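This report concerns only the one structure given below.
Labels A, B, C and D are assigned to the chains in the order they are written; within every chain, residues are numbered from 1.
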Amino acid sequence: MLPRRIWAPPLRPFDSYSMTVVSDSRISFGSDNHAGVHSAVLDAVARANVGFAGAYGADPWTARARELFRSHFGEAAEFFPVFNGSGANVGALSAAVKRFEGVICAAQSHIDADEGGAPERVGGMKLLTVPTADQKLTVDAIKTRLARRGDLHAVQPRVVSITQSTELGTVYSLAELREIGNFLRAEKLVFHMDGARIANAAATLGCTLRECTTDVGVDLLSFGGTKNGLLGAEAVVDLQGEFKDDLRFIQKQSLQLASKMRFISAQFIALLEGDLWLASARHANAMAKRLSEGAGKIRGLEIVHPVSANAVFVRMPRFRIETVQEKFPFYIWDEANPEMPIARWMTSFQTTEADVDAFLAELTQA
Amino acid sequence: MLPRRIWAPPLRPFDSYSMTVVSDSRISFGSDNHAGVHSAVLDAVARANVGFAGAYGADPWTARARELFRSHFGEAAEFFPVFNGSGANVGALSAAVKRFEGVICAAQSHIDADEGGAPERVGGMKLLTVPTADQKLTVDAIKTRLARRGDLHAVQPRVVSITQSTELGTVYSLAELREIGNFLRAEKLVFHMDGARIANAAATLGCTLRECTTDVGVDLLSFGGTKNGLLGAEAVVDLQGEFKDDLRFIQKQSLQLASKMRFISAQFIALLEGDLWLASARHANAMAKRLSEGAGKIRGLEIVHPVSANAVFVRMPRFRIETVQEKFPFYIWDEANPEMPIARWMTSFQTTEADVDAFLAELTQA
Amino acid sequence: MLPRRIWAPPLRPFDSYSMTVVSDSRISFGSDNHAGVHSAVLDAVARANVGFAGAYGADPWTARARELFRSHFGEAAEFFPVFNGSGANVGALSAAVKRFEGVICAAQSHIDADEGGAPERVGGMKLLTVPTADQKLTVDAIKTRLARRGDLHAVQPRVVSITQSTELGTVYSLAELREIGNFLRAEKLVFHMDGARIANAAATLGCTLRECTTDVGVDLLSFGGTKNGLLGAEAVVDLQGEFKDDLRFIQKQSLQLASKMRFISAQFIALLEGDLWLASARHANAMAKRLSEGAGKIRGLEIVHPVSANAVFVRMPRFRIETVQEKFPFYIWDEANPEMPIARWMTSFQTTEADVDAFLAELTQA
Amino acid sequence: MLPRRIWAPPLRPFDSYSMTVVSDSRISFGSDNHAGVHSAVLDAVARANVGFAGAYGADPWTARARELFRSHFGEAAEFFPVFNGSGANVGALSAAVKRFEGVICAAQSHIDADEGGAPERVGGMKLLTVPTADQKLTVDAIKTRLARRGDLHAVQPRVVSITQSTELGTVYSLAELREIGNFLRAEKLVFHMDGARIANAAATLGCTLRECTTDVGVDLLSFGGTKNGLLGAEAVVDLQGEFKDDLRFIQKQSLQLASKMRFISAQFIALLEGDLWLASARHANAMAKRLSEGAGKIRGLEIVHPVSANAVFVRMPRFRIETVQEKFPFYIWDEANPEMPIARWMTSFQTTEADVDAFLAELTQA
């Protein structure tokens, strides 16, 4: 049975419609998207609000962000700022495939399960899915989809897309990445990484961004920013510089070209000029670790995947879920077992130790 | 000959790469996208940065923005916040056409000339273009594209899309809109308005937003915010509530669903809760009027379209352009006549009287 | 491991290039597409070659074929003649899905594995695949793909597509079909049948065409003709008349509208006016039965799926394959076990008892 | 006003539904698609109906046809047999454009007006149309669409597509073709020719097929067969061999890969092995000439385009049309002037001198 997701009850209705909208005061473990914006990022946006500037990237902030991406990913890297993760994934993959080519990926990966069909409808590409236990592809798994190369009745594989860290909070090791990268280079296939949470993975691996992307052979990266404290900014990064001429046009055509781009680029400057990207990811990971360690001691809760990034998956009795969820929103990920479904808890740069402890106290009480 | 556009020389290189990037200090008449963000909008974004909130629109700011759109456009209106104008246009039109249906529009309108082929490639729809003198469609012009309804060899017209105000800064009168609206209702066609500058048009017409959209029969509106002082936010508005069930899914699939949507919605609250939308548009229009009146008195300059919104089109000698453009960036719109091309000057909420006067002084001197 | 298919060595080069091309004289068990055209069909085509006739279906033969489809499938049925199975499948499915909707089908079914990505690229739809053991969907299997209805991040299921008889030569019983049909009606989902070999299935079930399609709730049928002795003709049949208004335009847009349609329709007249469709299918099935019964007695050969239509899947030692394949072309379907791969043998209206016996003799000898 | 087309009244109902359907006995000047199949073509199809053969082109007839296309178009030529003209055009153009590239063509050319939106919806490409007086593009006309190369807001021109002979029965001279070909080579643009009636053009020009295609720089040809006496067969011809690797896959994906391909290829053998292609086209052209010369002498009829191929466009009083049309079906092409619309008369290989004379007699009488 495929995973089913039960969304949390809607946040409580807010109290007034005045200009100062009253936010919900609950602490959410529902998603790293439930967090706000890091104050340094908001400051950078405000500082970019001076005078006039060229549109569509002809501005100094975008030039600076371009330079920062090169410093992190290598001199060949070219970045294309986009609005969200769907835009990054569909844009990157669209640059790599001809119309009869497809993308090998894990079944139920984000591009397969959560893009609303955009890869197929907007990108026009077939996803060649492979069942996996933990959302991690291996060379052997990839090979099962290469058998029909040259057969004109079959979609031709051109790209392999992996997610780092995965939707299950697991992380590919550098050795695993290198093995895939070497294989794909030998097979003349393109290596795409959905890095919506790449910072969390790098923090776990203890490596630079370049070491877990460019250096292991990744060609195209969807670089995640929003889940790591930005207001709303992701990027397609052409790591080896092979696709940039086309990506300029694809960025526009795929509805991802910001007119006042300086306000997107300024967010990346805040994230990448110092070590904000790393500090925020490390913090989120540490909060997940604290949460899983605490939960592991609570009777009746079972952690079901290694906690390597900022996600905790826990099997818990249904009757407990409802009372806790009302105070601390989170989602049920899989209820194949209706009495003991698997819940997902996400942490972010904004999650505090006090938040975690309050949540653990509530879980213990329930 | 089709209009050619010569982009201004790139803004001068900025001075440093420090976190406080030094912006270009020149005043731009190149685009209303060259302006920054209205301070009230930035404040609203900052005020939304409190605590956790539901993602993808399940937040109080989006609920409040929804209410404001209804107060401006009528009780049936449903808004879908998107990232940019391309996203609004392609999303709106995609909701209205079946795969064998198309969109009647003016040749060289924005959806025809400036969306990078997204209506065709992403939306999958054919544009049934009609040549016009001034980018304004009429019922007679629309009729030329209705002759082949029912003929299975021809794309079937389903939507008529107009731009208000037009790319040439002209404005449809309420009577003109009503005539089109009545005709389309009788013909069972969908009425779409590309309102990237709808506020400027409403300011000119002296009417409410509803009076020049819902009340004249518009079904789907691309509501422009970014050109009117937002950071980056536009909306598809389903004015009659006919398309909303599909638009929810299309918003996601067309890569336009913001995860931290509160920061998009907060911008609309700032714009629509008071009269910021109108004050900003009126100001931009007044600056264009001041500019065109001043320029009309300068020997050798000729205003070529009625200045009804925030755009001024002016025929001017080429030798003058280069010197002025270096100090005040703007674009050449049409150089069918190479010695006397037509330039476009845009104003915005950010343009001051002093800016206009300095520009006029420079023009006079040149 | 996914099935791999090793195509037979190319047919031997022919001897001359003269107008009377010399065909390969070998008997093929490679595909029901390797057969020629039934003589009655060729006669019907020749008889249609009289005088002038309206194009694109405005001709008496198409009118007659329309009537015959109604007599076989019910008064609401509307047929759309197309060129091949890909055209039938993509056309039928395109009529049923909106742009954010998808099709539930068996993983590795023909639409998933063998349409060159046309459902995704041409139709723009995502296939929601379900792993199966024998290519047959069940209500429980379908349910695994219904969990996310209403979730805007997920492609919304709209159609369930099954293949009858399946790519493995298995056949859904009437009870199985009825169960699926009832479930889909209750769920307001569309029931599509890829009937490239529907005649073989009906022959096996001993029922009329209507009893195993319209009467069990099928909405859209891809009706196969080419594999059953036609020159090249398939049809989309809108069994309940729900999609016909759109299908007219989709037939054209999906490149499936024949100008001299009378020569397509004449083939259907030959097939459906008498019982040619049934006699040919029965004969093909009988030949497969004869072949499987004979092969079952040969040491070292193992029949691996029930032989319910015109396909025989047999596990056989690799060393035998090569010698036999040279004389009687056929394909290897699955070589997950390289020493003992699974071969596929197809029979057709053209396969004779002598052909089968000669093949069995060769197999015995090898 | 755009041309409107009034289709002829439907052909009279046929008399019986028996296997020998009674055809309409009227002589049609409505379309070259109203003719049947040349007897030599039907004979070739019948002769191909011997024994078994490889599917999807792995057969001797396709090999022979491939050789014939090379002998007519040059050694680099590769042909891809497809089902109809829409399939040829969309397939050829799809091979040449990336997703952000478009096709320059005459407004109201067949790909613009009569493909049901398939270039946009199935191919995903924008057509960059140019208004013309006579459906013939010139280098100057093409240049109007090249102004925005490199501008990422605009679809990038990649292909120029012309129709030979045009929808108005006019023919590009070899000098005109050469000028276009040279220009496109210099501009690194792809030259596509919609040759649905290329044989009629070659017959008029008195040149070989190669001289008016490969030798003038055409890269991709949609080669027409059906209108020149085939049962139903067209071809994409990759004249310079640049696109063939992709076209194999595109042929399949665009629903144009025939399983029993021998019966398509056999038609081309009949057409191209001797001079049937030329004899049939010459005959059709001669009949159009006879018809236009006769009509030119009839009072009140005015020939409105040069009659260079097999089409005659004639302005005639409406009251005459109805009586004649009842006996000799034809279409009204343009009724911008309702009292004196322009009719289109098409001739074909099947039109006899007696047919023409009977038609002229009826016209004279009316």
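We adopt the following convention: contacts are C-beta pairs under 8 Å (C-beta built on N, C-alpha and C of every residue); 3 or more make two chains touch, one makes a residue touch a chain.
A quick note: this is a predicted structure, and the numbers were derived from the prediction, not measured.
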### Pair sharing more residue contacts (C-beta pairs) when A-C is set against B-C
A-C
### Message
Half is the threshold here, strictly exceeded: which of A-D, B-D or C-D has more than half of its contact pairs identical to A-B by residue number?
### Response
C-D
#### Entry: Gap in Å, rounded to a whole number, between the CA centres of chain D and chain C
32
### Summary
In whole angstrom, the CA-centroid distance of chain B from chain C equals 51
### Euclidean distance of C-alpha centroids - chain A vs chain C, Å
42
### Query
By residue number and range, which residues of chain A touch two or more other chains?
56, 99-100, 115-117, 121, 124, 152-153, 249, 252-253, 257
### Message
Under the definition above, what is the set of chain C residues touching chain B in their complex?
### Response
56, 94, 98-100, 124, 152-153, 156, 246, 248-253, 257
#### Entry: Touching residues (chain side chain C, partner chain D) in the complex
10-11, 13-14, 17, 19-28, 30-31, 33-37, 39, 42, 44-56, 58-61, 63-64, 67, 83-87, 90, 115-118, 121-122, 226-227, 231-232, 249, 252-260, 263-264, 266, 269-270, 273, 329, 350
### Task
Please give the residue numbers of chain B that touch chain D in the complex, ascending.
1-2, 4-5, 7, 99-100, 102, 113-117, 120-121, 124-126, 129, 131, 144-145, 147-148, 151-155
